[in-house]
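By written order: A, B, C, D, E and F. Residues from 1 in each chain.
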Amino acid sequence: MTPFTHLDNDGHLHMVDVSDKEPTLRRAEASCVVHSAIDLDALAPTTTGLDPVVAARLVGIQAAKRTAQMIPLCHPLNLNDVQVAITKDDGAITVRTTVVAVNRTGVEMEALAACAVAALSLVNALVTLDATARFEDLVLERKSGGTSGDWGRLIGAGPADTPDEGD
Amino acid sequence: MTPFTHLDNDGHLHMVDVSDKEPTLRRAEASCVVHSAIDLDALAPTTTGLDPVVAARLVGIQAAKRTAQMIPLCHPLNLNDVQVAITKDDGAITVRTTVVAVNRTGVEMEALAACAVAALSLVNALVTLDATARFEDLVLERKSGGTSGDWGRLIGAGPADTPDEGD
Amino acid sequence: MTPFTHLDNDGHLHMVDVSDKEPTLRRAEASCVVHSAIDLDALAPTTTGLDPVVAARLVGIQAAKRTAQMIPLCHPLNLNDVQVAITKDDGAITVRTTVVAVNRTGVEMEALAACAVAALSLVNALVTLDATARFEDLVLERKSGGTSGDWGRLIGAGPADTPDEGD
Amino acid sequence: MTPFTHLDNDGHLHMVDVSDKEPTLRRAEASCVVHSAIDLDALAPTTTGLDPVVAARLVGIQAAKRTAQMIPLCHPLNLNDVQVAITKDDGAITVRTTVVAVNRTGVEMEALAACAVAALSLVNALVTLDATARFEDLVLERKSGGTSGDWGRLIGAGPADTPDEGD
Amino acid sequence: MTPFTHLDNDGHLHMVDVSDKEPTLRRAEASCVVHSAIDLDALAPTTTGLDPVVAARLVGIQAAKRTAQMIPLCHPLNLNDVQVAITKDDGAITVRTTVVAVNRTGVEMEALAACAVAALSLVNALVTLDATARFEDLVLERKSGGTSGDWGRLIGAGPADTPDEGD
Amino acid sequence: MTPFTHLDNDGHLHMVDVSDKEPTLRRAEASCVVHSAIDLDALAPTTTGLDPVVAARLVGIQAAKRTAQMIPLCHPLNLNDVQVAITKDDGAITVRTTVVAVNRTGVEMEALAACAVAALSLVNALVTLDATARFEDLVLERKSGGTSGDWGRLIGAGPADTPDEGD
């Protein structure tokens, strides 16, 4: 009755049984942006000042691995790769994550979780000086693999567009 | 040299030693908003459909407790209370969190982490149907306690405004 | 000498090396019952009162994923599905769990762990009002897959009954 | 309206804010019993055969520390002591746990969680040989400290019997 | 430019994408030695005194499973087997670990982590009596599987010696 | 009978009950050394090459917080500060850690755990190029606070030298 794959016939939350799906290569990308009123270059005035950026990359990688602990309906899974790229632009820091796995279900939540927690780590560095530091626009950028086919935020669904049954 | 409390004199990331601070009552509130192109009421068409909202509250509480595992420079601490409120408005779901502790350092990051991960849990329910589901404007709303005094996003700093040395 | 697969030839606890086993579909079901002197319907007088039941389902799912962290000799593994069903009968709440995985070893402990911790979550809701709330009869109901073949508590072993070497 | 301290005025699950309570010495004891059709002494035919019992004690201690991760509404807290005693009687293994903390809320759930997970560890050693191994009667035996005063399963409430507001 | 597989072309730490590698049987062994000024037999004067040794074996097994949580660039993976052997010699306790998995990357770090944390557990038993208890020579003993082929500390590389791209 | 505080009167491992001890300021320092046959400066040829060192510092901080999860008899506790310093000398990398807490028991194991796991992180960066990379001499350098008084590896015990009952 409900279109939500996470609700069963009785309307209860449940994990999606992925036993009938074959493991295939899955890839997902996400992004978000951290804003702060203070000069972001103050984060990195010297060589060693890059530390908060290195920290955010590692924090994002660890968060991707911890996704199924954080989000109850996510399947525990092995990951082939997690990349976290952080770039500083005019008054903003952009976090972009890519997660890759051979798996029965997608890695969208892993990419989003890595992005959100890496951004939290940057906010942690900023918030004692600027309590208004915030992050916004956490969004899935792209995904590929699985029965639902490829999809990109800016390009829309590719040829195969059946919704993916797994998370 | 650097104004960042998380960077030591050599510009390296470090934890802030809070041994000289007395434990006092700390409170912090954060919020963020989840947007989706689909009708959000579909999340809760019936009694049992409230499950994703209940899940997000529990997920946020658990994330608050896990903050120091997620964010390296956060101090591990006990929490007196974590509240996660979720309200559905016109085309948006607002997540508001409150964290309370008696502690030597603030609980800002705990409130932000609870908010971000509760929002991820809602996105998890939406993203298989709407890949553009996103959350934005994760921001600290208010904090009280500690040497830096009270602060509110809409009201600014209270009388005591020395930056809090701890995280 | 010892018949226990978890004891090596010297009588020491050890993990069972499952390298010689092929991954196959494994399924296990467990159940237990929570008793309390108070009226259990008080847990769910209204729509929103269902929260403790939703919570117990999520808690059970998370416990299944955490089994190898809780029980040292359990192999870490990915799970295809975890289901937690909770039904209220006359003066008792029954918790039933099902765990499914494609794996080199069984998922009996995952089903039992999910069941035990979901029951603990229900006891947590009851115990401040009724300190005698208890749970009992945590038991494996059924399992299938692996060299030891199918087994059911009420039906006994199926045709293949060699004990499964893995956990 | 609801007598459950874990439900707020709207009937939603919430953590109990313990900020108004003073930290005091809390103690709780729990027990449960593991039954198996096979000769339990086979678990410990020799010196080294004691390993499953040692394992269960350690597993119980670790579970007590992990209670707030397993059960969402439990407060994270430091523990002064966790004891896990395991005795083998006629066809049964009894697990008894004691948890002690100086804290704003009770440690009942920590004692129950330690007991349940230690019993799971024993079942893990038995279940490959005896699929009917089960545990039952997980129950709080005794607690002391807090505004609700002392209580014992066999002796009832002590003089102070106001329900403890915390978990 | 850099020969380090963990540094990308820009010199940043990154996980190694193992998507192009096939899962194969991997095995790694590590060892280290714990020294203490006190009589090590005091650890095990009686049957039950073996507890610290049993504990260290279990602790090592759990650490192997937790490697990817401890070390950011390690891939999360399932393990077929973890063995921890502890032998007491003249004034020293030797810890030897073996980890086996079918995986796209090696299990060297899992064997080293199991060894290090098992040794920490032994030091924990000794350090209150002998603050100079230490461990040393944590080293990889042997590994097999993967494109880099077999290698042993005492025998050097086997025929295939291309460095393994994964961790 | 046994002098080990971690063994009870029956010779069983147990946690030490620290309820009778007052929280006081505790500090502990540990160190270890990582050796490798390859040129260690290759780890940091450029600015960004410092990443493995930043990573090791963060990894050590996270390990200190995780000590009670890794080592069963350690008490869970809050930490005021964790410092991890990494210096490269001639053919060796020295890791030094300092942990500070106000607590009923010492933080020696936290300092040792931070040191061991930070060193593992450095070995992780080296081991794919040099399988003989190893670390050695993990040792407590200094501790202060608690009934056992101050102690230093090079200076011996200070005036108060009763063994500390806690871990």
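Here, a residue touches a chain if its C-beta (ideal position, glycine included) is under 8 Å from a C-beta of that chain, and two chains touch if they have at least 3 such contacts.
Quick caveat, the model's predicted, so the values are computed rather than measured.
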item: Equivalent of C-E within the choices B-F, A-B or E-F, defined by over half of its residue contact pairs recurring; value: B-F
item: D-E or E-F - the one linked by more C-beta pairs in contact; value: E-F
item: Inter-centroid spacing, chain C versus chain B (mean Cα positions, whole Å); value: 33
item: Gap in Å, rounded to a whole number, between the CA centres of chain D and chain C; value: 18
item: Per-residue overlap in chain A, given as positions that touch at least 2 other chains; value: 12-13, 47-48, 51, 54-55, 58, 62, 66, 69, 72-73, 77-78
item: Chain D residues touching chain C - in the complex, by the definition given at the top; value: 2-7, 10-13, 42-43, 45-49, 51-52, 55, 58-59, 62-63, 66, 69-74, 108-109, 112-113, 116-117, 119-121, 123-125, 127-129, 131-140, 143, 151, 153, 163-167
item: Chain F-touching residues of chain A, taken from the complex the two chains share; value: 47-48, 50-51, 54-55, 58
item: List of chain F residues in touch with chain B within their complex; value: 25, 54, 57-58, 61-62, 65-66, 77-83, 100, 102
item: Residues of chain B that touch chain F when the two form their complex; value: 12-19, 68-69, 72-73, 75-78, 104
